[in-house]
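Per-chain numbering from 1; labels A, B, C and D assigned in written order.
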């Protein structure tokens, strides 16, 4: 194979740089350009040490460049929809970080543009590539647990984001739990029909100031009658806590956290082991590599990506139902969110 | 100490016999009599091999016997309230299996009789004596996890009861989850204020025939704003599944199942370990011993029992709220159950 | 069954009392008498609260009592051989704590007396009844790991015995590792042919004063070519450490310690769990019950006991080979111990 | 930093290619050339997709190239010593796979050449970079377990190498256990003084044909009196088994295997989990990355490497002592290996 995929990266923050370094190990691939609103000397240094030729502040320099086959959209959420539309228009394949947007109607417009242009769009639901969650999915898909009856997900961050971010985050259901809503669909293989959200402010009153909560338990009802439950917190002092279990008619499959080591230290004062890997960069390091490898592999070999725009849209719809349920203090069906949104 | 506690056992089914054998090891105690509606040759043989003098079909033979200090009520649930009232009247201390009754008003009448007579009443919430759940409670009470924020309980039986029993069981919320509702209070140290119950029939349609469900997820709201979630199933093919976790501002404490052994068998086809202890008799074997020892110790030393009638009543109230929530398809506050019960 | 087994207990120290309480729960059994050199008011109180009629300082009062079917020898090691001989002569079945003696010739004399009298002798190798070690044996016996190739045993006490005891203990190989030598035979199902012992004094110089060591690693060669290794220490600050593994042609089976609970506490400063059960009374509590139940069951039903005098003798022979190896600084075959003992 | 390290790779077999891909992700580094005796079209394709300019069959093309700063010696063991000498002569820094050679005198000659040339030499003891073993070392070095008393290492391959390789492998002690001998030094922080090796042929008679064994238990005596024990097998049907424990005066630290996932599948037939990562490429994937990163970092920043030629030599000396012990059937001191080697 002599093909060489040429990549542009839009947004060179932490996650953009991680995708870049992950891609460097992949053969038949060249990172051609990086754009960032705040591109300066530091970014130029960074790019030079990696042999990336072009650094620009204007994403249009990439989008208009006919050499570039695909773009990674790693900029802030509010830029996603216009960038997707423009990239699609230019015939470029797209990898976009989650969520696509904070407004389902906008998300749907972006998906329509992608559909019309016939380009590929992969959404950054990296957890689908995590070795543990993948393994649950494999067991469930293989029928090892029979028919899914209960889906349980625990999702806790090590510490809340800064107050500035909380204000614009879209709230816990969209900002944080969107990953978990995607996991619920991915792990069970079923669509969600109804959502009940219970929330509290127990970590920091700043969440209440912005109409948000920091602790939430969301109950899901799946199309097959199975029940899902996600418990979520903005602050687990011991580190990132990401576990899941699917229970069914023939058994159960569960995964726990990853740890820096398996070392167990037994002393007079007790038995100690490592805290979980601290946060998503550590926990999902390999998952980021694999989602990138898959995207590139799909482009190189003309295969459809496995986490597409519809997956992004469905997770956003569940998040919206959760927001509405929390506001209305009652269970909300996905079938009623469009109507309720108008009224609330 | 020359004291000798004399015990009568009412109901010599499986659990009555277990309590008897557990008591035999305790010094300063004599089992004087056993009553059972169906007492016959087999029970007399059983009693003889254990040096128990009296076997009778009539519980009144025990209750009227002035030699007996305390009774263990191990007969069917519908007999609990009249037996408690009569035993209280006779000044006997009482150990009663859970639930006290299926009707809170009757439960309250029984508690009133106990109060007036000034006897002790311990309710058979054996799980409070389980080494694992006790250890969670100790950590929480010691402040090790700070303020409780999320309480999670998993409660799955290895197989559903017979159809005959399902009909008279009182339903999953009262029959099975009453233990879990007690655990929620015990582990967190807080009272429950609101309940939302989601249920499905996924195991066996016979549950639907009796207006019952076999799979349920119940969300609890505690007085301090913490959120609890209990997932419950009538059938886990791999055995009894009883786990819990309390998450708080300073950390988390979690326990898993008990297993017959820690043996791990690694072979070409995979890594195997034992299934959990099969059901409550195996899992809570030691807990049954300890609840009995504590009851006898309280009688011998004049101390108040630690799991009393109010604990029995509160768990029944949560169960009723869950029943109402499931029927009304909305969250139900404990403060409204009396009123709702009249209306529904 | 109307049979009633009558028991006498010789030696009412800690272990004698534990056997007594374990037996009290067993139906068809009566503890008739207890003897102890230092029997006094306290022991009489203890016996009275348990309905044991006779307390005496002279073991002959039990051995001469024709009502007694079986004796438990729980007195100090130097009394075992004469008591076994006398009990055998009187036709009583015998449960004897380990080791039978510190001199194989004396042990063999005792076994000969037992053989001639046709009574049963069970040796107190309680670990064979431990749920974990039993499970290894079951897997190995069932062929789950194929042919045994490597046997690994870890055996560490929480703290060394008092200096007075060290002097008369017989040394680490006989006093402590005799259990492990029995385990090696039990778990693998093979006899040991050669022993190499490496020892150090790392815990307390008092061991060196008595020609003993406190840390030892013993390598065993089994008759089938498998290799065994036991690491042993007199002091593990975190508690009793008793693990084992058998590795073979089709896999491996391993067990770890038992813990007071499965509670895992995750906090900012790390992840904590319980230390192992502290010492043999906690760890082998259930094993003591089961070895007693089995002994009584064998007597009630006329079945041969499963841990007999030959097992006691073989473990003592391995211990002697280890002593000789440590002294001679070379591997020692079991076939040469009689000859070497004369020369060393 | 504008520095750019230029690398040549000698030997492009499996491990050479892995090092190459691991280096590609590192900034400030360029792989300039690859040599392999069997270099052909396939290797040229491989190099092209990675932007590596030169592919040659002659390692001298690299060694004579003044542009190259450092070489990775990944060719067969018999070529290591001449290549090290020549690279040192040319002033190139060296990363060399283990063992340096099969003859300590030759190893010492190579080390002398390195010393004279003043270049860096890192030996490929990749396990020192494994997250688990590193963590043991950290705890031991921090004093968490006090003074080391017992060191335990389990080392089992998933399957034996081909018969052709066995013949030239140098035997189990040098070929396979050399890693474990290095671990024993690394984990404990002490030198080994005496070795006793016990071996059996239990896996495949082909080992006996070449005077080798496939199952071995080696006991080590450290300079501080601590005792080490390594059990080793050429065939664990369940996969690569690499565990270690250091036990000391203040506690113990132990690590277990790594697994593809933490998934636990509970079904009617038992509880299943993943087999360990299959072999060294999977298990030590991250360790290979980190040893490479460290080597490059040392070159970029002029720091001494942390696993040097002396470490390579010491491990080879322990292996030789084990070979001699196995042959002589007695413990062998490291101080006597030179003398014994002449005589045996």
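Throughout what follows, a residue touches a chain if its C-beta (ideal position, glycine included) is under 8 Å from a C-beta of that chain, and two chains touch if they have at least 3 such contacts.
Treat the numbers as computed from the prediction; the structure is a model and nothing was measured.
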Distance in touch steps, counted as few as possible, from chain B out to chain C: 1
Farthest chain relative to chain A (centres taken as mean CA coordinates): C
Whole-Å gap between the CA centroids of chain C and chain D: 43
Whole-Å gap between the CA centroids of chain A and chain D: 39
Length of the line joining the C-alpha centres of chain B and chain D, rounded to whole Å: 58
Where chain B touches two or more other chains at once, by residue number: 236-238, 241, 250-252, 266-268, 274
Interfacial residue positions of chain B with respect to chain A in the complex: 147, 149-150, 152, 154, 156, 196, 198-203, 215-217, 219, 221, 225-227, 229, 231, 233, 235-238, 241, 247, 249-252, 329-331
Contacting residues of chain A [partner chain C, same complex]: 236-239, 241, 266-268, 270-276
Complex interface listing, chain A residues touching chain D: 21, 24-25, 27-28, 49-50, 131-132, 134-136, 139, 144-145, 250-258, 260-268, 274
